[in-house]
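So that you can tell them apart, the chains are marked A, B, C and D in the order they are listed, and the count of residues begins at 1 in each.
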Amino acid sequence: MTLDPRADGAAARLADVKRVIAVTGGKGGIGKSSVASVLALEAAGIGHRVGLLDLDLTSPSTHVLLGYPTAFPEEPFGVEPCDHAGVRCMSIAHFAGAHAAPLRGASVSSALLEILAITNWGPLDVLVVDMPPGLGDAALDVLKLIERAEHLVVTTSSRVVLDSVNRMLQLLMRVRARVLGVIENMQRAPSSAASELAGRHGVRCLGALPYDASFEDAAGDPERISGTSFASSLRALLPALNL
Amino acid sequence: MHEYALAEAVLRAAARVAREQDLARVTRLEVAVGELQQISQELFERALTEVETASDPRLEGLEPTVTIVSAALQCRACGATFAMGEAAGEQGADEMEAIHFVPELAHSFLACPQCGSPDFEIEGGRGVTIAAMEGVTDDA
Amino acid sequence: MTLDPRADGAAARLADVKRVIAVTGGKGGIGKSSVASVLALEAAGIGHRVGLLDLDLTSPSTHVLLGYPTAFPEEPFGVEPCDHAGVRCMSIAHFAGAHAAPLRGASVSSALLEILAITNWGPLDVLVVDMPPGLGDAALDVLKLIERAEHLVVTTSSRVVLDSVNRMLQLLMRVRARVLGVIENMQRAPSSAASELAGRHGVRCLGALPYDASFEDAAGDPERISGTSFASSLRALLPALNL
Amino acid sequence: MHEYALAEAVLRAAARVAREQDLARVTRLEVAVGELQQISQELFERALTEVETASDPRLEGLEPTVTIVSAALQCRACGATFAMGEAAGEQGADEMEAIHFVPELAHSFLACPQCGSPDFEIEGGRGVTIAAMEGVTDDA
């Protein structure tokens, strides 16, 4: 007999988390981490108890975007997410710092399960999960381990992005995952790309977030982030996400 | 003491399996802890009896035993096999603490002693697993 | 005994390929596929025999960027890359079309080896490999299977991108891979980000490629691509790549 | 006929191993071909004797044998085990042709018959492998 107890532990650690929203899209560089980070920030801003889990183990980004420190976490029982601007944040960067984590898929899978098994989220209204690009181990594990996850699909209007996001939506529909809807990020001009993509898969198009040149400079500073038009547009979408 | 969260996971898994197998009580539980995890045997045995968040009547009086399993690493680049103590790479307190939390970070800090690659297989000695479990049914 | 013969096959299939340039960066959305595709196109344009291998198995992009058709390849012996605008192109999209390929790491590794073992590149001056994001199976396999690969590292000046690309460079330096240098993509204003990053790792900074709003519209059409300032900037970098 | 490229890979690997083991001649070569690969036994046996690009004196006169290994799939989402013929999902000519080229594309087109997940393990029946090899050294 060899039984891995971590899935049981993960379920216990997530027991007081009411909702899990996975910000996804398949393709890299479309703003998944930006949307996840700012969504967490703005949801906390209107009073929700919010967690943010960075699952991009080889390119974690939320600590750079929100500016939270990456010291080892406190471990009163499991490990404690760090509280930052009202958001409880957990990332591989807490452990690896700026070091590379060259992880094959099976290791990504194992590390992800380890983090889920030891992190004390406590009571949360919503845990926002920042997904890595690709349809690999992390994406498949979240579908398997957190069946109740609601997937928020980010896209841009770029053709090469739409091609990839379409593949992600295919996967989500195939396994009958819960899809909250599609958001078009980095919009520079009115576009029907996201609503066409959403329509093709029978899911909602939630709206668009503008390309916001000031976001890059604001990154790292929650207060400045909340002042950007990127953040205010995302704030306006909270009701559509039932937040 | 994040080992208490792992101990809770072990006990919850044991209670679940006992429930699925209709055991009235679990009488023996052997837990294997990988060397990479750097958890002391005594500490983890204590944690397994002290954690109350996973208390279940089926586990009452249970005294789980813990065995530490040596790490066995094999390089995928050059094929060399090596133990944790033989690995190349930084192994200061911070690095070992990181691996203690997330054993896969061995790939960030340890390397093949023969070719320097971080692309090795962890053949054994990672993770916390239930290695053996015994129990009795009500009618026994 | 169980012996997988595909690595031997891959070596044979690559025997007449003089150089392999892997376009990489760790992070998604920084323009790896754009640089790989246009680099292949422009190198072919000045007379080199060029192949383009898309190794992003879950989000293949080069067929969208260069506009090559994704029909099943000819199979006179192994499979034939499709000839498009002077470039011999091979992608998982030739087999999967627009279907999602939800592949865990071990499957990525196996599919990659299968493609290398069956593709008849024939004699090439350079094979450009478009790498997926991350430091996962594909990145580690290329380091293992194609040791002579020369890595061309793409970055942008964004903080979150620099953080990830830094991790990729760490990995490359650690395994003593051959690094051609760093290119800054999507440059909107003069920046020293790429040269600082390159300097930190003791590798060359090769220059910058402008943010070019016309590139998105040109994508899919090789002739229009070659007319963009993105392509002409990349053309100017060919000598620095010994092409 | 991309099977000829795979046949060449097999013969090159066999010749390399023979060289490494100082064999003067390989006398027996058993090749296992996974069902997912959808390669006919006869065709692949023929390919293994016809491919000339991998000719090597150590392989002269060799008549490799090919066995087709049935695919065994296990769902990671729900645990169900199933054969290729039992899989759900599209299985038209194009889908099967794609899988013939790149067997991992089973994950694009086949699915668990119990829960519909594409996240299954290919426990057996994928790939072309050398299952057994015998030879003689010069002094034998």
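Just so it is clear, a contact is a pair of C-beta atoms (placed from the backbone, for glycine too) under 8 Å apart; a residue touches a chain by one contact, two chains touch by 3 or more.
Just so we're clear, the structure is a prediction, and the values are computed from it rather than from any experiment.
For the pairs A-B and A-D, the larger set of C-beta contacts lies at A-B. Averaging C-alpha coordinates per chain places the centre of subunit B 36 Å away from that of subunit D.
Mean C-alpha positions place subunit A and subunit B at a centre distance of 29 Å.
Computed centre separation for the pair subunit B/subunit C is 40 angstrom, with centres defined by C-alpha atoms. Counting partner chains per residue, subunit C has residues 99-104, 107-108, 140, 171, 174 touching two or more of them. Shown for subunit B are the residues in touch with two or more other chains, namely 118-119. Judged by the touch criterion defined above, the protein chains form a pattern that is neither an open path, a ring nor a star, and not fully connected either.
A list of each chain pair in contact follows: A-B, A-C, A-D, B-C, C-D. By the touch rule above, subunit B contacts subunit C in their complex via residues 76-77, 111, 116-119. Chain contact summary for the complex, subunit A toward subunit C: residues 26-30, 33, 58-59, 61, 64-65, 98-109, 132-137, 139-140, 158-160, 163-164, 166-168, 170-171, 174, 216, 219-220. Of all residues in subunit C, those touching subunit D in their complex are 1-13, 72-73, 75-79, 92, 95-97, 99-104, 107-108, 110-111, 114-115, 117-118, 120.
Listing the residues of subunit D that touch subunit C in their complex gives 1-2, 4-6, 8-10, 12-14, 16-17, 32, 53-54, 94, 97-98, 101-105, 107-109, 118-119, 122, 126-133. Taken together, the subunit C residues at the contact with subunit B in this complex read 140, 143-144, 171, 174-176.
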